[in-house]
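Here come two complexes built around chain A, the first alongside chain B, the second alongside chain C.
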Partner chain A sequence: MTNTDHKQDIRTFLENFISEEDFANEDDIFELGLVSSLMAMQLVLFVEKTLGVRVESEDLNLDNFRSIDRMDAFMQKMSTTAHG
Partner chain B sequence: MDKHASSLHTERRQEVARILAAFAPADIAAWDQAESLPAEVTRSLAQAGLLGTFIESGHGGRNWDAVSFGLLCAEFGQTSLSLLSILTVHSMVLEALRLSGTTQQRADWLPTLTSGEKLGAFALTEPDFGSEATGIQTTLVQCDEGYRVTGRKKWISYAARADVLLVFGKLEDGSAVACLLPTDTEGLSITPMKGLLGFRAAMLGEIEMKDCVIPAANLLGGKGAGINYVAAGALDLGRLAIAFGSLGAMEACVADSVTYASKRKQFGQALAKHQLIQHMLADMITAYKAAERLCLHAAELRSAGSPMAAMETATAKYFTSTHAVTVANQAVQIHGAAGCSAGESRTERFYRDLKITEIIEGSNQMQQLMIAQNGMGEFVQSALRRKRLLAGK
Partner chain C sequence: MGDSHNKNRIKCVVWDLDNTVWDGVLLESAGVPALRPHVRDVIEALDQRGILQSVASKNEPEPAMTALAAHGLDQYFLYPQISWSSKSQAISLIAERLNIGIDTFAFIDDQPFERDEVLSVHPQIRTFSEIGLEQLPTREDFIPLQLTADSKNRRQLYQREALRARAQEDFRGPEDAFLRTLGLKLRLKPASEEDLYRAEELTLRTNQLNTTGVTYSAEQLRELIASEHHQVIVAELEDKYGAYGAIGLLLLSLQPGLWCIDLFLMSCRVMSRGVGGVILTALRTTCRNRQLKLAAQFRETDRNRMMFITYRFAGFREEGAWLINELASIPALPDYMQLHIDAAMDWRLQ
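And now, the complex of A and B:
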């Protein structure tokens, strides 16, 4: 799976919760108030479901989930770790 | 509810119902009046394997899916909402460990909690902070032995008897953390709380922690993850438990009302033959059926591992607890004076207890905020898709 694929998947998922029609991949969705802090848990589940991995406690950091770009980078890292 | 469940779910619900039927209605009413639960009740639930059903078998659980867990909660709610409260907070501690614990923490804590050898309680609320969980004042200060925990917690279900507390606090740098605090830790004192409107047998307590030392290994979920992940994950399960528990109590209120209205005669005919009573029964039955679908939908999404499950769980908790209070109100009305007497019916207890379900595991106003904020995108996208469809794009 390429970077672009992750970003589109993340955007499609986030669009279920964000009423703004336009938000950029680098936008901090928590800082901008586009989602509540409770969304963090749902984003962890999204990553786990998409990649089929478990997000361990040391990775439960809001910074990994602040924007589409950061989530994508985190998912790339998780993918690499999971597949060696 | 059974007609919508698979045969496996029905079997499991029947197993739970048979176990809970061992508690006589008079005893359940007595727990409420005494504002205490006999220790042998939780011991018998533990022996029956009902206190960690959703945990994987490797850690002593039974691998039950979310629908099975929900139906278990419905049976607890139908029996006693105080009992449901104890199951809920214990399950929230298990869920926090399941989601946020390290491999070592899961191995260390889950078996004894799943077996019910030890029971847990969820200590988030403080005297001055409830819904605004980020405002917690409990502190964890690093020391040679690990951390020193200092602060106060209030309205903590089962605190008066729990063996371990899942405590939320802040580190010196302000980051939120969660930790496991055994109740026999030096510096910890718990005062039972009496005179509550409902959940009287849930043994709520006020907790005072003065320099309670815990090892660093008791920190759960890492620094900064206390509220957004550990508490949020546990509360998500808690909301599912309260939604299904309210549903079970609602079912009991409808069943009791139908039975009573069919037997009691006024003006020469059964109450159920009077149209104004039928009006109330129709509203109660409709509310129950709608709540049942929302609860099962949320549980099915959770069983499938869907990231959308949390939103649907909040919706189910909000709708079910709100309507359960209305249904209990109508049940008391149908029962008349008998509905106001603990010795005559259980509707007065359900009425008092169900009010609490609108407040706990996130007040219903917090659920409304979540539903509105997180649900708007769904409808914007739906409108955009419709626009594109009609434009032929």
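And now, the complex of A and C:
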């Protein structure tokens, strides 16, 4: 199985919202101060659309979405679970 | 006060121009045609009641708007549709822009053909001829159930909203940079007697961003306001374009050692402004500083997933039937929004 990395896609998505020039993959986007309800929703929908799965309540955890690294790790885990 | 009753009230009146608003046909007139009797009074009366108004006229847009402006009436109409396409189409567009149902629309036109054309596409609309239009404001369905500070200013609220939407469309760059241009000011205060109907109106109108889907009547809210075991909090937002009006409602029950959010709702107009996150951050900080636990009730509806995500991303986790907040790693308040919390609420950010 090839390990697809989603980091660049996540970054491209986040750049629609965050103007901070050089945030690192491990930076906490919630600490950067800007996550509106709409953005949070779109973040979840982005993951669901990319992977073609629904993110269940228990996975709607801030820790899964805090940073590019965390989101990527979460998406890797999700796709492994989804595709066995 | 059920929803069906509410739907019966007219929320938007769409006017024809030639031989309805003014005498004669504009393109055949030498100058600006005179207004028909009572038209100005009716337009002003409806505006005062918070009934929105627009135009569906087959005309050349520029001269028609100039003629309305000459009478000082142009300001009253939202998204006027002046073109040669069908009036049913014009009305669809207006309804879409205003985001309200056509079953709350009235259409005034002197020509039976136009009224029939509109009715054939929108059977739920109410149509009227120009004859006896001075009687319209006395009809029951033209009288709003409650007049609140927000409903009196409803047209201006929509006009500001249109300016913001255009500014956002024109803005090139990430969303936080746009928010920084707005000069947002959020004010939280205990609901007063005069806020009651604004709060009730909010619970009736806000489905998407309601954490429990429960609506409250003004009477129920009045009891909660009087109760010392509750806080009923109204959120008002303002930016460089002016006030948004009441955009959020928070219902807290205060128990020994624990505050619980019984209801949290926000107008969908502000879901990209970060208001929800700011309120929850302020509340979490308060509970931490006062050494209280913080819980929330959540009841899933088919439309409120965004609020669930807002809660979860604000550090709430599910515990049985409740959401419990960790009160750990609370983010700082964002720099793009000024927050003012009424002292009477005794929230403690420091």
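Basically, the second predicted complex is superposed on the first by the 74 of 84 C-alpha atoms of A that agree within 3 Å, B and C clash if a C-alpha of one lies under 4 Å from a C-alpha of the other, contacts with A are read in each partner's own complex, and residues count from 1 in each chain.
In this text, a residue touches a chain if its C-beta (ideal position, glycine included) is under 8 Å from a C-beta of that chain, and two chains touch if they have at least 3 such contacts.
Computed from a predicted structure; not experimentally measured.
Looking at the shared chain after the overlay, A:K49 reaches chain B, while chain C stays out of its contact range.
Contact with chain C, but none with chain B, is seen for A:E31 once the two complexes are overlaid on the shared chain. Once chain A of one complex is fitted onto chain A of the other, the partner contacts of A:A40 extend to both chain B and chain C. Residue contacts after overlaying the shared chain place A:S57 against chain B and chain C alike. In the superposed model, A:F13 lies in contact with chain B only, and not with chain C. Residues common to the contacts of chain A with chain B and with chain C across the two structures: 15-19, 35-41, 44, 57-58, 60-62. On the chain A side of its complex with chain C, the touching residues are 15-20, 30-31, 33-41, 44, 57-58, 60-62, 65. Against chain B, the residues of chain A that register as touching in their complex are 13-19, 21, 35-46, 48-49, 56-58, 60-62. The touching residues of chain B, when paired with chain A in their complex, are 100-102, 134, 220-222, 224-225, 227-230, 232-233, 236, 305-311, 369-370, 373-381, 384. Within the complex formed with chain A, the chain C residues making contact are 173-177, 179, 209, 266, 271-277, 305-310, 312-315, 317-318, 331-336.
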